[in-house]
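Naming follows writing order (A, B, C, D, E, F, G, H, I and J), and every chain is counted from residue 1.
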Amino acid sequence: MEFLVRQLNRMPADEESRRLREELRPRERQVARQLRDAGILRRLWRVPGTQHAIGLYEAEDATVLHDALSSLPMFPWLEIEIQPLAVHPQERGAPPGPAAGSGTAG
Amino acid sequence: MEFLVRQLNRMPADEESRRLREELRPRERQVARQLRDAGILRRLWRVPGTQHAIGLYEAEDATVLHDALSSLPMFPWLEIEIQPLAVHPQERGAPPGPAAGSGTAG
Amino acid sequence: MEFLVRQLNRMPADEESRRLREELRPRERQVARQLRDAGILRRLWRVPGTQHAIGLYEAEDATVLHDALSSLPMFPWLEIEIQPLAVHPQERGAPPGPAAGSGTAG
Amino acid sequence: MEFLVRQLNRMPADEESRRLREELRPRERQVARQLRDAGILRRLWRVPGTQHAIGLYEAEDATVLHDALSSLPMFPWLEIEIQPLAVHPQERGAPPGPAAGSGTAG
Amino acid sequence: MEFLVRQLNRMPADEESRRLREELRPRERQVARQLRDAGILRRLWRVPGTQHAIGLYEAEDATVLHDALSSLPMFPWLEIEIQPLAVHPQERGAPPGPAAGSGTAG
Amino acid sequence: MEFLVRQLNRMPADEESRRLREELRPRERQVARQLRDAGILRRLWRVPGTQHAIGLYEAEDATVLHDALSSLPMFPWLEIEIQPLAVHPQERGAPPGPAAGSGTAG
Amino acid sequence: MEFLVRQLNRMPADEESRRLREELRPRERQVARQLRDAGILRRLWRVPGTQHAIGLYEAEDATVLHDALSSLPMFPWLEIEIQPLAVHPQERGAPPGPAAGSGTAG
Amino acid sequence: MEFLVRQLNRMPADEESRRLREELRPRERQVARQLRDAGILRRLWRVPGTQHAIGLYEAEDATVLHDALSSLPMFPWLEIEIQPLAVHPQERGAPPGPAAGSGTAG
Amino acid sequence: MEFLVRQLNRMPADEESRRLREELRPRERQVARQLRDAGILRRLWRVPGTQHAIGLYEAEDATVLHDALSSLPMFPWLEIEIQPLAVHPQERGAPPGPAAGSGTAG
Amino acid sequence: MEFLVRQLNRMPADEESRRLREELRPRERQVARQLRDAGILRRLWRVPGTQHAIGLYEAEDATVLHDALSSLPMFPWLEIEIQPLAVHPQERGAPPGPAAGSGTAG
């Protein structure tokens, strides 16, 4: 099941927070990489003009998704909104191939 | 450039509107197919519990995107919100291959 | 997976709509009963002072939930908001018994 | 009478707050257990991607509910919204048995 | 238990609706009088500049309140929001007398 | 003239604020008592699950009401919203007696 | 006591409504003139780009103000929001003269 | 003085409205041209995915702007929001030349 | 040109801020007096129950108004919303006399 | 492609922040000048009564725009909202001249 996830970054703008974010970044990238490898994190976009992100996730259910998101080092500073997604009629029955995997219905 | 597009269906619930929607559906699917073939419409999801949809589009700019959306037969009944998307640092420099095309960073 | 579903009834107040709602009610109850028997609809509450309802649903994913909700005869007049639910840490590992089934953690 | 309670956790993200939350957790669980044993707290869900929770409570009236909620050690950091619930016509007259207690109408 | 009830009048402004409202008024007043006599409707105010009202109700629970509100002839045109009220610490233990009944703490 | 006043308590949750609130409480109660004796504060409710309150006030005009509210020791931490109230047609012409004073129209 | 009144014009845009508004205008102006002569309507502005207005009213209380506003022929189509106003400390004690009456503090 | 004007098109989606819009278009374009020639309408953008527009206007004051906007044939169907603009410090003192006139600070 | 200005006071409630506000008050009053003498600040009201104010200003354009508002010592703590005002048809052509100056249309 | 950018300044009001803003200003102006020279920043307005700004930008896509905005020294304190703009039908086919460049359609 897919989820559209809006990840608002609420870390403050002061110097100390910026240092903390720099410290967290390598581990953040590593966890994100693991989530991609596990097929949970499918896409990630930057909301332009902000430190926010929008992600496309795939997880068995909301509990698995919650566990994935709360494993992110930045999690305590993220305000997260989750939109569950249903398959669109136009994409039902799409052939299971690389194209389907890449988001086009074939 | 990618855009996340929320397509709220504001067609009323009465019987006449339902007939109209049925009439429009084949042409709607045909236009959607053309937009997919042109690489403009990349993914489309159903917002569960509604007639709304969320789409991932790719277009050169907002004018091209507007022309694509306004070619949909349902366009007069759609309330559309567009979120422009920037490439996320984690996906910059992703190798240009099928994986990149499918939204994972490799 | 559980979902909390807010079902806002947007049927107008005029006499004709009231008659239509009366006509739909037996079939509405029948479908609701089927959803309860299938274990999809777990609880349903009336939002006091309104014709709205709040339901607790259980479904494999958002597509299954969407199919269930859109099978309701009143669906074209419902404005539906879905909150996906994750298991709370306090209820993880609750013994699989009637108490757990009834929503208390044992 | 049942109430749907949205419990938004507004404790800040800094290290000191995280330590405080760890300290409060055992007592928090103990109070929650007492509320469950007293039949006041019926279900509790995690809002995925957040530290928020949604609870189903049963209390004689809003004053009893307030006393229960304000006994939670985390109460000073919770922003709470309460939705009073009325019995839905579909669940009126449900047979008083384990099934009714578990939220299905029989 | 007391409830603060915001009753937004959504009847349209056209001539036909105005006639309908005139027709409903005597029965509306009669039902309101019955609710007052039953001790359910305690106070009713006009929101100035509107056709809306704010009421102070007392009912055993939300189901009883819902039954009272939905018995109003204007109910199909009312958009109702209910705020459950808890006893304020300053008014707990107020002497049971006419003053308490009238809403002052003695 | 009556006013419905929503008093949102914005005092923070930290330990120092809690001590300050304890210190202010006796004086808060004393001022509230004076406002009740002066016929300005007519009722006060606790918004369940919060530290907020809703009050029914009676004052000659908004300036007198403002002076009363700003005399509360907690005033600097209150976010206050005021709803002016007009007499409802159902309560116009109510006999000037104890019943009218208690909020029922006789 | 002064009130700031936002008068949103919700009359539809169709031809019939436009004719009705034309018909109502002379009587609307006449009532407005009476309210000005009675010292109730002090100022009236057009919200640019709309058919809405913002008015400064003076009335003994909200009931008198409501009676004035509901006497406007356009009242059934107005969505009205009322902001009660208190005297600002800078204008308290302003000399009772034409200048004070005209809204400047002297 | 410059104003940023959001022009939301609220004309319904039905066939009759679409014909009306087609009829109004030539006159709409003509009035827009006149406003451009008069230096009042400086720029106009399409909000992508909608029939809305955002315009940059220049007018002596809000009354002149209102007269310009209400001269548009589509005005009865427009919901308009106006943001007054002040000169930014970076553009104060820009040399009076074609560049300044074109909105760049030189 | 007139502007309606909502001045939300966002200074915190702590003791230090209260001292600062006391310090700023004489200078605040002096600047306000200068703005009144210059005919820029026409009226100022207290929003009851708050430290906010609503002002009626007159300025040549938004840049002049901005310069006036930003000269207030409290400006850094004010969250300001500006509503540009157009002359209402009922007040157009009002005779230029003291009555017009005082906001009534003659 | 053009973008309308709302730049809300969230830097706090305290003395230290004011000093920091003063320090950042020369570099802020320098970066803004570079963005103007590069044709990215086309116009910038002050939202009157605030420290916010509205800008008209031109960039190849949202990623280029994000890079430009995040190069501003004030970026960590800005809350930015981006509205993508499509060419309006009235401005399509405008002759490529200084007038077009300056925002009028010729």
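As a working rule, contacts are C-beta pairs under 8 Å (C-beta built on N, C-alpha and C of every residue); 3 or more make two chains touch, one makes a residue touch a chain.
Just so it is clear, the model here is predicted, and its values are computed rather than measured.
Common neighbours of chain B and chain H, listed by label, are J. Work out the mean CA point of chain B and of chain I, and you get 47 Å between them.
A straight line joining the Cα centres of chain D and chain E is 28 Å long. Between chain D and chain H, the centres computed from C-alpha atoms are 51 Å apart. Annotation for chain B: residues touching 2 or more other chains are 46, 48, 62-63, 65-66, 82, 84-87. Pairwise, the chains that touch each other are A-B, A-C, A-D, A-J, B-C, B-H, B-J, C-D, C-E, D-E, D-F, E-F, E-G, F-G, F-I, G-H, G-I, H-I, H-J, I-J. Note for the complex: chain E touches chain D at residues 1, 3, 61-63, 65-66, 82, 84-87. By the touch rule above, chain G contacts chain I in their complex via residues 2, 4, 29, 32, 36, 41-48, 53-54, 56, 83-91, 98, 101-105. On chain J, the positions that touch chain A within their shared complex are 5, 10-11, 62-63, 65-66, 69-70, 76-82.
The residues of chain G lying in touch with chain H in their complex are 13, 18, 46, 48-50.
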